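Next come two complexes, and both contain chain A; in the first it sits with chain B, in the second with chain C.
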Partner chain A sequence: MLIPTIGIEVHVELKSNAKVYSKAKNAYSNEPNTFVDVIDLGYPGVLPKLNEQVIKNALKACLACHCKINELMHFDRKNYFYPDLPKGYQITQQDTPIGYDGYLEIEVDGKKKKIGIERIHIEEDTCKSIHSLTGTLLNFNRAGVPLIEIVSKPDIASPEEAVAYVETLRETLLYLGISDVKIEEGSMRCDTNISLKEENAKEFGTKVEIKNIGSITNVGLSLNYEIQRQKELINQGVKIIEETRRFDDNTNTTILMRVKETGNDYRYFPEPDIPYVKLPNEWLDEIRKNMPKLPNELREEYKQLGLNYNNIKTLIANPDIAKFLDSLSCDKVISSNLLTGDILAYMNKNKVSFEQLNLDSNLFVELVSMISNNELSSKQVKELLPVFLEKKESPKKLVKELGLVQISDTDTLLKIVRDVIKNNPNSVIDYESGLDRAIKYLMGQIMKESRGQANPQMANKLLLEELSKIEK
Partner chain B sequence: MTDYLSKSVLEINSLLKEKKIKPIDLVNEAFMKIEQNSYNAFITLNKEEAIKEAIELENIEIDNPLFGLPIAIKDNICTKDLKTTCASHMLENFVPIYDATVIKKIKECHMIIIGKTNMDEFAMGSTGETSYFPLAKNPWNSKKVPGGSSSGSAACVSARLCSLALGSDTGGSIRQPSSFCGLVGLKPTYGRVSRYGLIAFASSLDQIGPITNNVMDNALLLKAISGSDVNDLTSSDSEVTHFTRLIGEDVKGMKIAVPNYYMSDVIDLEVRDKVREVMKLLQEKGCIVEMIDIPYLEYAIPLYQTIALGEASSNLARFDGIKFGHITDSYDSIDQLYKKSRSEGFGDEVKRRIMIGSYVLSGDNANIYFKKALKVRHAIKDAMVSVFDKYDLIIGPTNTNVAYDFNVKSDDALKSFYDDLLTIPVNMAGLPGLSLPIGFNKSHLPIGMHIIGNYFKEDVIYKLASFVEKELDLNMDPRGGDLC
Partner chain C sequence: MDKLSEKQVKHVANLARLDVSDEKMEHYRYQLADILTEIDKILSVDIKTDELLIAPTNNCNKYSADEVCDMLKKADIFKNANNVSDDYIVVPRVIDND
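Showing the complex of A and B:
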């Protein structure tokens, strides 16, 4: 049987106060060529600076990926001619990547697996070329934007693992706060390479590289297609050749870009304009000390707390919310249900971010305790929440204002319960013949009669008591 | 015509302070002399701006010895709004939008830039002959090369068109022309002077330095351009001392080493004899002068050809015709744009060096040549630096010979490197080295002596240099020589 071997190279744009080798701003602008200085232009006579913040952010990524650190590192020049490369070389790290030999743990179908990380290194982005009918335009705003390249080992055995790897990496970097990691916008870019071999074969098959993968879903789609394509060729006795293909998301296929002739000759050599960098121990200590909780760790915690799969997934995808939840000291199950359910729906509907929501944790805790004390029915919660999120006032106060107080008075409840039993004799018969759904139906009628204000726990207790009396 | 520019910096400074002359007198003198005979020392003159600045300075207080002094700048140092060509067709019309750090410092001292000097194209050569422009001549004998690559900077100071100039030195480009033209030229310790704004030839070797008529002037100009720079990560934060502080002190007891390699048969006999005379003088004056062996020096030239040219092939990649510099008239593809623009823009020597440099970095060659060269460089550096465990200074000839005729070496691609036999090791180690005139040969051409110091010990170099200068008391004005 033919099995795939997959490796992934991910480029990530780092957030920073300035570009990696110049003081120009590292930000997006609608105006081309505004965040540029002579260094980004590769102007004759200029020399690179080195942005400390970029090194620190890269270190965070390395430590989160369990990498070893090259504490004495240098930069190298990668030489090639291309219009989007202002100096005719890229300043990168070839011999001494800042991090190497790490791993990232992924989970597919409940099974955990460590994917090795070959290396993480710092480099600079190129200009953005804009091709028009009259020619090619260059936008230097992106030139010199800090990147890290994260190269996996060929440990990935299926498209599912590949998707999980990229997703886990994306989440991790998001939690580190060092990148936007938006694949669609290009702040995270994936290239994959894949080869097939017979299960017991010692040597890898011929590698094909896939570029232009615009989303995490496409990582899976492109690999699935490529596995199928290569299998068919191999089965027909056609030899796979080393080539670079691009993913076409209109047809969900891969298309040949170029066949690799000889190895690229980048004429690497140590960058003479940047002296060797000795990473101070204090930097590493400080970063280790302030390392935030990362998704894999959080996921375990959430499982222990008894959160369900969907809530966990939603929380991990929304680090702001997860961080808020982490700060609370009330019932986490109710809290996570609220946050990932009604509150997230409210945010999406009103197009506000969690930060803009400015949720007060004390008021939120008050709300959660009201729910856990059965002071509110779920229907009442739904009615209360939008007002609560808007007014940011005490839920107890709001409940009164909205007339959402629960009926917890036994006499009033008992009257409603008895009325419902009286008016639904068929359901009582159903209950007596052992049909559980009769209880649900009767409870529904009680809530209806009380306009949703009946304390459900008490009503349920009274209903069961009354029914048992009838039995006797 | 006046002749203030043959005087020393301190003499001119006194005249300015006593208000006997004004900066404009110096500027006018410079341009009058240039009009008479420029020796093709300049590529671009800054006449209008220089006159304007000189007049403006009349209302400003004189706050340093270099105030109001005209200076010439090698044309590979970026000057804002003033053409910077690197003596290449590629940058024939290139006007930088920023000042190099040394230029900022020059301007802060209120020195007046009178023009940009001729050189070998992109500083690649040791005769001035690879310049795209009419070639600079040696003021001692116009048939002779002034040396290179800082050919124009040396020629203009030697002819007293200007008393100060900046050059750059990658393998001898300040010291060799200084020696050929009878001047004092210093390549500072690597990192002493910011390279920001110096159009790079070989980044790990390049260093800007002063070319002057005498030792004191040299030390004063070095002070003005030195210091750490946030724009150059390779610049050193080593303290900038008063480099003049040891000038005039007794040299008795100084320990001086002379490498056997520097006195071998390869070196012209007259040159060796002059150096021996100085060695004898120093011994008489109480110095300890000893012959020593320094290993690996013989690898300096192949090392240079590997490291300097490898780096150059990368540094010159940015000249692709797209953003600045020469662009070809017509092209069908991006590849053709590159090939034609670069083929037309660069001269033969530059192309040759880019090709050799690309070769030594290409594929497996990077390990066979470049990485090995870096190891050998380390060995040379260690060998040279260890000399300073026992000695204060190293001396020897600056060059294998004196200035020679034009067209002698241009036909042989390798020969011109051999001029730098004695200067390259200093760049490889990053040490400071100075060339000092110590006499003439039979044809009355200047002979230069090399003084090499430990890292950041330029003041010790100046101490010995000024002592020898004073003892020999030579007339190094070519206008008093046999040809003008």
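Showing the complex of A and C:
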């Protein structure tokens, strides 16, 4: 049986004020060719100067991916002629990547697996080219934007693992706060390598590289297609050729691209304009000390707290909500239900971010304790929440204003319970003959009679007590 | 080295994105071989070191603070371009399809 071997290269744009080797602004602009200086354009005689923030951000990524660190490193020139790089070379790290030999833990179908990371190195982005009918248009705003390239080992054994790897990497970098990691907008870009071999074969098959993968879903789709394509060729006795293909998301297929130079053709040599780079120990200590909780760690914590799978997934995808939850000292299950349920729905409906919501943690804790003390029914919570989120006032006060106070007085509840039993003799008979839904119906009647204000736990208890008396 | 093969010259020309005419081909075959002969002379010098020399001193790099400085004006950038259109520098179309 033919099995796939997959490796992934991910380029990530790092956040910083200035670019990696120049002091031009590192940001997106609607106006082309405005965030540019002489270094980005490769004018003769200009010298690159390494931005310290870029090194710090890259270090964060390396430590989060359990990499060893090259504390003394240098940069290299990767030579090629293409209009997106007017210097004729890209300043990158070939010999001494800042990080190497790390791993990232992924989970597929409940099974954990460590995917090795070969290397993480720093380099500069190229300018953006737009190909029109009459020529290629160049926008140098992106030239010199700091990048890290994260190269996995060929440890990935299926498209599902590939998707999990990219997703885990994306989440990790997001939590580190060092990149936007938006695949759709190009601040995170994936290239995959895939080859097939017979299960027991020692040597890898010929690898094919897939570029232009515009989303995490497409990582899976493109690999699935490519596995199928290569299987068919191999079964027909056709030899696979080493080539670069691109993913076409209109047809969900891969298409052969123009072949660019590889390996020796890049004529790497050390960049003489940047002296040896020695990482200060203080930086490493500081970064280790201030490392935020990362998604894999948070996932374990949430499982221990008893949160369900969907809530965990939603929390991990929304770091600001996860951070808020982390800061609370109240019932985490109720809190996570509220945050990932009604509150997230409110945010989506009203198109507000969590930051814009400006949720006060003390008031939120007050609300959670009201729910955990059974002072509010779930229906009342739904009614209260939008008002609470808008007015940002004490939920206790709002409950009174909205007339949402629960009836928790035994005498009042008992009267309602007895009336309902009296008025629904058929349901009582159903209950006695063992029909569970009869109790739901009777509870519904109680909630209706009390205009939704009956304390459900108390009413349920009283109802069962009264029914057992009838049985006797 | 006597001379390079035509294939070798064409490969180097392609990396530099240069067209080499037939009449110049012969000239370059000898000229590039001469350059390689000179490089062989340099390589024959015994320098006995395992350490890669990338800078003339052992002083380490000084970092640049993460601050934005004045950038170029678009008009100044375009002074060095042969062809511009609206906000872009234009070069001959570099891909065949797409």
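Definition applied: the second predicted complex is superposed on the first by the 465 of 472 C-alpha atoms of A that agree within 3 Å, B and C clash if a C-alpha of one lies under 4 Å from a C-alpha of the other, contacts with A are read in each partner's own complex, and residues count from 1 in each chain.
Keep in mind that, in the parts below, a contact is a pair of C-beta atoms (placed from the backbone, for glycine too) under 8 Å apart; a residue touches a chain by one contact, two chains touch by 3 or more.
What you see is a predicted model, and the numbers here were worked out from it, not measured in a lab.
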{"item": "Which superposed partner A:A18 touches (first chain B, second chain C, both, neither)", "value": "second"}
{"item": "Chain B versus chain C, judged by how many residues of chain A each one touches", "value": "C"}
{"item": "Touched partner set for A:N139, first chain B, second chain C, both or neither", "value": "second"}
{"item": "First (chain B), second (chain C), both or neither touched by A:E52", "value": "second"}
{"item": "Partner chain(s) touched by A:R77 [first = chain B, second = chain C, both, neither]", "value": "first"}
{"item": "Which superposed partner A:P44 touches (first chain B, second chain C, both, neither)", "value": "first"}
{"item": "A:Y89 touches, of chain B and chain C: first, second, both or neither?", "value": "first"}
{"item": "Touching partner for A:D265 - first (chain B), second (chain C), both, neither", "value": "both"}
{"item": "Contacts of A:P275 with chain B and chain C, given as first, second, both or neither", "value": "both"}
{"item": "Contacts of A:K231 with chain B and chain C, given as first, second, both or neither", "value": "neither"}
{"item": "Residues of chain A contacting chain B in one complex and chain C in the other", "value": "38, 41, 43, 49-50, 81, 83, 138, 265, 270, 272, 274-275"}
{"item": "Residues of chain A touching chain B in the complex", "value": "38, 41-50, 77, 79, 81, 83, 86-89, 138, 263, 265, 267-270, 272-275"}
{"item": "In the complex, chain B residues that touch chain A", "value": "77-78, 84, 86, 91, 94, 96-98, 100, 195-200, 202-204, 230-234, 310-311, 313-314, 316-320, 322-324, 334, 338, 358, 361-363, 366, 370, 374"}
{"item": "Residues of chain C that touch chain A when the two form their complex", "value": "15-17, 52, 54-55, 57-72, 74, 77-78, 80, 83, 85, 87-96, 98"}
{"item": "Chain A residues touching chain C - in the complex, by the definition given at the top", "value": "16-18, 23-25, 31-38, 41, 43, 49-55, 74, 80-83, 95, 129-140, 258, 261, 265, 270-272, 274-278"}
